[in-house]
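Next up, some structures in structure tokens.
Look at the two complexes coming up: chain A is in both, with chain B in one and chain C in the other.
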Partner chain A sequence: MDTLHLVVEHLSKKFGDNTVLDDINIEFTEGVYGILGANGSGKSTLMRILVTVLKPTSGKVILDGENIKKLDEEYRNLIGYLPQEIALYKSFTAERFLMYIASLKGLNKNEAKNKVSELLELVGLTEYRKKKVGTFSGGMKQRVGIAQALLNDPKVLIVDEPTAGLDPKERIRFRNLLSAISSNRIVLLSTHIVSDIDFIAKEIVILKQGKLIKKDAPDNLLGQLNEKVWTVLISEGELQQYQNKFKVGNIIRRENGIELRIISDTKPIETAQATIPNLEDLYLYYFDKETIL
Partner chain B sequence: MRELIGYELYKIFRQKSIYLMSLFLLAIIVFFLLQMRGPSLNFLYQKWEGPVSSQDIEKAIKEDKIIINKQEQGIDITWEELKLRNVYSDINDIGRYKTIQEEKLKVLNGKISKFENDGDLGYQYRKLKLEKEMLKDVKFSTLYYQRPAEQMNEYLNTFGLIFVGALIIFGLSSIFTREYTTGVDNYMLSSINGRKKIVHAKIIASLIFVGVVTLISVIFDLTFWNIMDGNDGWHADIHSIEKYWDSPYSFTLLSYFFIQVAYQLFAGFAFTLFVLFISAISKNSLVSFIICSFVFAFPLAVETFIPYDMQWFFNILKFTYTEIMLVDVLFKDFFTINVFGYPILLPIFVIGFLVAISIIVVILLYRVIANKQVPS
Partner chain C sequence: MEESEQSSNLENSILQDAEIELLDFEMKQIFDNYHVEYPSDDEIKATIKVIRNSIPVNEKKTDVICKKSFSLLKNSLREFNHISSVFWISNISFFIFGLIMIFLGRFNPYLTVMFLSPIPFVLGLIEVFKSRDRGIAELEMTLKHSYQQIVLSRMVVVGCYNLVLNVSITVILSLFMKEVWIWKLIFYWSTPFTVVSVMTLIIESRIRNSYTTASVSIGIWLTFTSCLILFEQTIEWFENIDVVYFIILNFLAITILINLVIRKGGHFAFSSRTFIEKVWR
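Presenting the complex of A and B:
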């Protein structure tokens, strides 16, 4: 099968006078894309446009050379979507809810039965299949959510803040699950938890105030931070002064003082030592002053 | 598709509110119907049932006078004598109606002749001719004990209307808004069947629901009156009910019952499509519920307040969902619509009218869902 190409061309979205997305151009091929952005950066709006539940003010989305507007049902047959807030019918059992979504996704009864069983197994909910989803924990609901998104074996899987509200164990479980299902499809994953996309993202897309800031492989993005991430060892009394003056990342207490991780284009002090940047540094580099959500 | 319809039906019938509402309404209906019941008078009518001759009328008037005289002389009359007066009154009504019918035909003939003499053979002329032809066919000349069948017919355009209308509003006004408020619209609108087939499924499931509700209402009606007053009077003419004396339609109570059920169901279907449309464009269930309730209740409410001489307003009301579901408004009198110079009877016209309105509503409904966006 040919490689999928999902292209976003000059995409803008306005709500009244408020420009939420501003002339976005991106191309996605098979693999996992991590979309990073602060609250209000336009991540969810971009995703909603990509899953056709929102219409752009201008611009278009093209899949393999065809406008998705024209592809219509054909395109929607290829997508799976997990919205930021998991929506479920509380009185439905997990199985019934998935069967319902399967019928929305055009699966016939037998296909749906098999697929639902397979996905309940995949997300570890087989023994809860007959339980009402209203009684589920946040993590279990999230797993029902990811199962519904995978029902039609989507070629474009779009998951919006999937790990928000999950405990660390659930997050790891989810990351492994995503990693396992990400081959041969485009996976767009928006998050503010950088560890979610560590190791699994082919590229990272950074959105800020509706604009595309960066789109590159994690190694390349991190490479751009070389000589911009520093460690310094300071005394307890100097901490406040450093926090006011620099972008400070991790703070680690050592026997001989406090080790700070500082993100700065220039060497902050003479004794500072350049260190290997990570994705958290990348996030802080772009979003230090903004609400991280 | 069958699966989707099944799930939509499941969602509709899972709503506890419709069961609570049904029980509440049935309790109220039973309460009021019990006030209206009385012992069967069938045995009093048996002697008189059948074609009524002028001799019968004279005899009935004579026997009625005997009872009246007894009353005037202060002699106690029995319950049976009191109820016999109803029988005599009904017999007398047949005679009175015949006189009125003959008088009306005479007037109509006069008017028709005038139009013919003037060479005006347009809409008014055709309308008068149609009325005359219909009125000639009315044969109200047989007496039956018709109270059970009459009550069963009356139920449809009173309690039956409220029962069906209320359940349509309670059961279906949230059919789309529920998806918006739960957030399931995100899955729905981004799925292959979420913008077209889901609408087919919701429409079909809703119509099935209305069919079931109407069936329950009819079964309740027939059962209640059968238990309370028997199953008599189906062959009586609708003119045996005084409010239909101006009606040019010649129906037995049995055929009229089926006509009423069919019209109520048909108008109920049309109202359902409207409710679905309102639900699709409303932000939440409360807004949808209020709008649908207003549209349903408005004609009933304003009838009480508008002056009787505002006939034009009453005529407009005849084209509302509620009035068409009432049915008797369509058949109580002779009312035609001028379509290219030809008089079309109101009951026929409203079918075309509802079909046209429903087609527009359905087109708009599909368009709304096809263009629907989730709120940001």
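Presenting the complex of A and C:
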């Protein structure tokens, strides 16, 4: 079986004078890609261009050697998309909504019935199939959202900030679900929540202010942070001073003081101990002005 | 001096001609001796078979139209099943109420039918653009059947339902009110149906909110019909309008309507895309 190749070539998007994406070049093959960036970094715009909702100002997207603009319906038949804020027809039941989307995806009735049952089972909504989606919680709506995205067994699955607004339990459930369905397809998962892509991402793409900063395997990216993440034990009174001077990650209160996790290219103080970096440190390293969720 | 230059040019030209002749001769010899192995019939057939898959098939225009019409019909049937029951019930209720007013309230049948005739299409726009107004358009734009196709098929359903109601009321009135002139009745509903539909679509392409569009359209239509009905003189003037003007108005409105719905069908989808882009800025 041929490997899928989704290539983004010199992609730029402007809204008026505002450049949201600036000359992005990325290649995706099968596997999960975590697209990491702060709010306003251009993640959602990139996603929307990849799902043909937005047209790029310049550049192109190529799937297996063909421009997606030329592939048109053929391309849309290969993709599954979960928008950032999934809106559903509130008066529809989960089953009816999925059957409707299945028909818009070109599935015949029998095919759709089987697929809908299978996916409701996968997302754990079988017993709620006859309930109106308007009564669902945020997590349940997201599960309906991922089910609709999978109806056509997409070769390219694009999910835009899928865990925003979900509680930790739902978030873990969603991450595991995504991991389970990620074989034999390209999964692009845009997020600013680092724990979403922990363990499941084959590569991480870092976007900052519309520019591609890094694209590499998590281990390689974390390897670049070796000797850049430190733990320091300080007193209560020094906390403010350290927060002003360094990029501070975790703050843990110990019996003998406060333990800070500091991200710094150089050793912050003589007593600082180098520690193993994690994805939160990576995020903080690139997006120090942003909040970690 | 000039003479010697001319003779030198002549010599050069003769030499070049001789060289070209020699080259021609050599090339001819090379090609004569070059042997191209002719492929067997099986090889030719196999090559044609492989290449045929890559050659785009030129479909006949009639085939393309048939295919598109069939697809539109199929999509419309699907949308028919997903249009809100409120839309079906409210519109049929208006028409039943109109019939009651005509039969029991002794309302003018022509003016009543005229007033009711464009209402289903105007209200139907809420159904046509429900995915945009409820935030589902972004998802629908990514599906195999394009958003343009979805919008168009919903318009077909809403338009057809409006036509069915108008035709039904015409049939009922012509069966039970012998004094009603059927052609006059048809002109009285077809003209507002087409003209108000065009007006509503134009307003929708500017406002991009179906609830506002429906309110504005119904407001304008209500004002117009009220002005018409309230005064005897205006009713008299309206009833005396030559039928030719109705035909012209209908023809113009249908032309614009076809242009808007079929040829520029994408315009509505496009305006939704522009709307979404503006929201995302």
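Annotations for the structure displayed:
By definition in this document, the second predicted complex is superposed on the first by the 289 of 293 C-alpha atoms of A that agree within 3 Å, B and C clash if a C-alpha of one lies under 4 Å from a C-alpha of the other, contacts with A are read in each partner's own complex, and residues count from 1 in each chain.
Criterion: contacts are C-beta pairs under 8 Å (C-beta built on N, C-alpha and C of every residue); 3 or more make two chains touch, one makes a residue touch a chain.
Not measured: the values here are computed from a predicted model.
Superimposing the complexes on chain A yields a three-chain arrangement in which chain B and chain C clash.
In the superposed model, A:G16 makes contact with chain C only, not with chain B. Of the two partner chains placed around the shared chain by superposition, chain B and chain C are both touched by A:L104.
Look at A:A112: by the touch rule set out above, it reaches chain B but stays clear of chain C. In the superposed model, A:A180 makes contact with neither chain B nor chain C.
Of the two partner chains placed by superposition, A:I269 touches none, neither chain B nor chain C.
After overlaying the two complexes on the shared chain, residue contacts for A:I251 are found with neither chain B nor chain C. When the shared chain is aligned, chain B and chain C each come close enough to touch A:R76. Steric collision with chain B, judged by C-alpha atoms after aligning on chain A, is confined to one stretch of chain C among 27-35, 117-125 or 225-233, namely 117-125. In the superposition on chain A, the residues of chain A touched by chain B in one structure and by chain C in the other are 15, 44-45, 48, 51-54, 73, 76-77, 79, 81, 83, 85-89, 91, 100-101, 103-106, 148, 152.
The residues of chain C lying in touch with chain A in their complex are 78, 82, 84, 130, 134-136, 138-146, 150, 273, 276-277, 280-281.
Across the complex, chain A is touched by residues 3-4, 7, 11, 14, 182-196, 198, 371, 373-374, 376 of chain B. Interface residues of chain A facing chain B in the complex, by the touch rule stated above, are 15, 20, 44-45, 48, 51-55, 73, 76-77, 79, 81, 83, 85-89, 91, 99-101, 103-106, 108-109, 112, 148, 152.
On the chain A side of its complex with chain C, the touching residues are 15-16, 18, 44-45, 48, 51-54, 73, 76-77, 79, 81, 83, 85-91, 100-101, 103-106, 148, 152.
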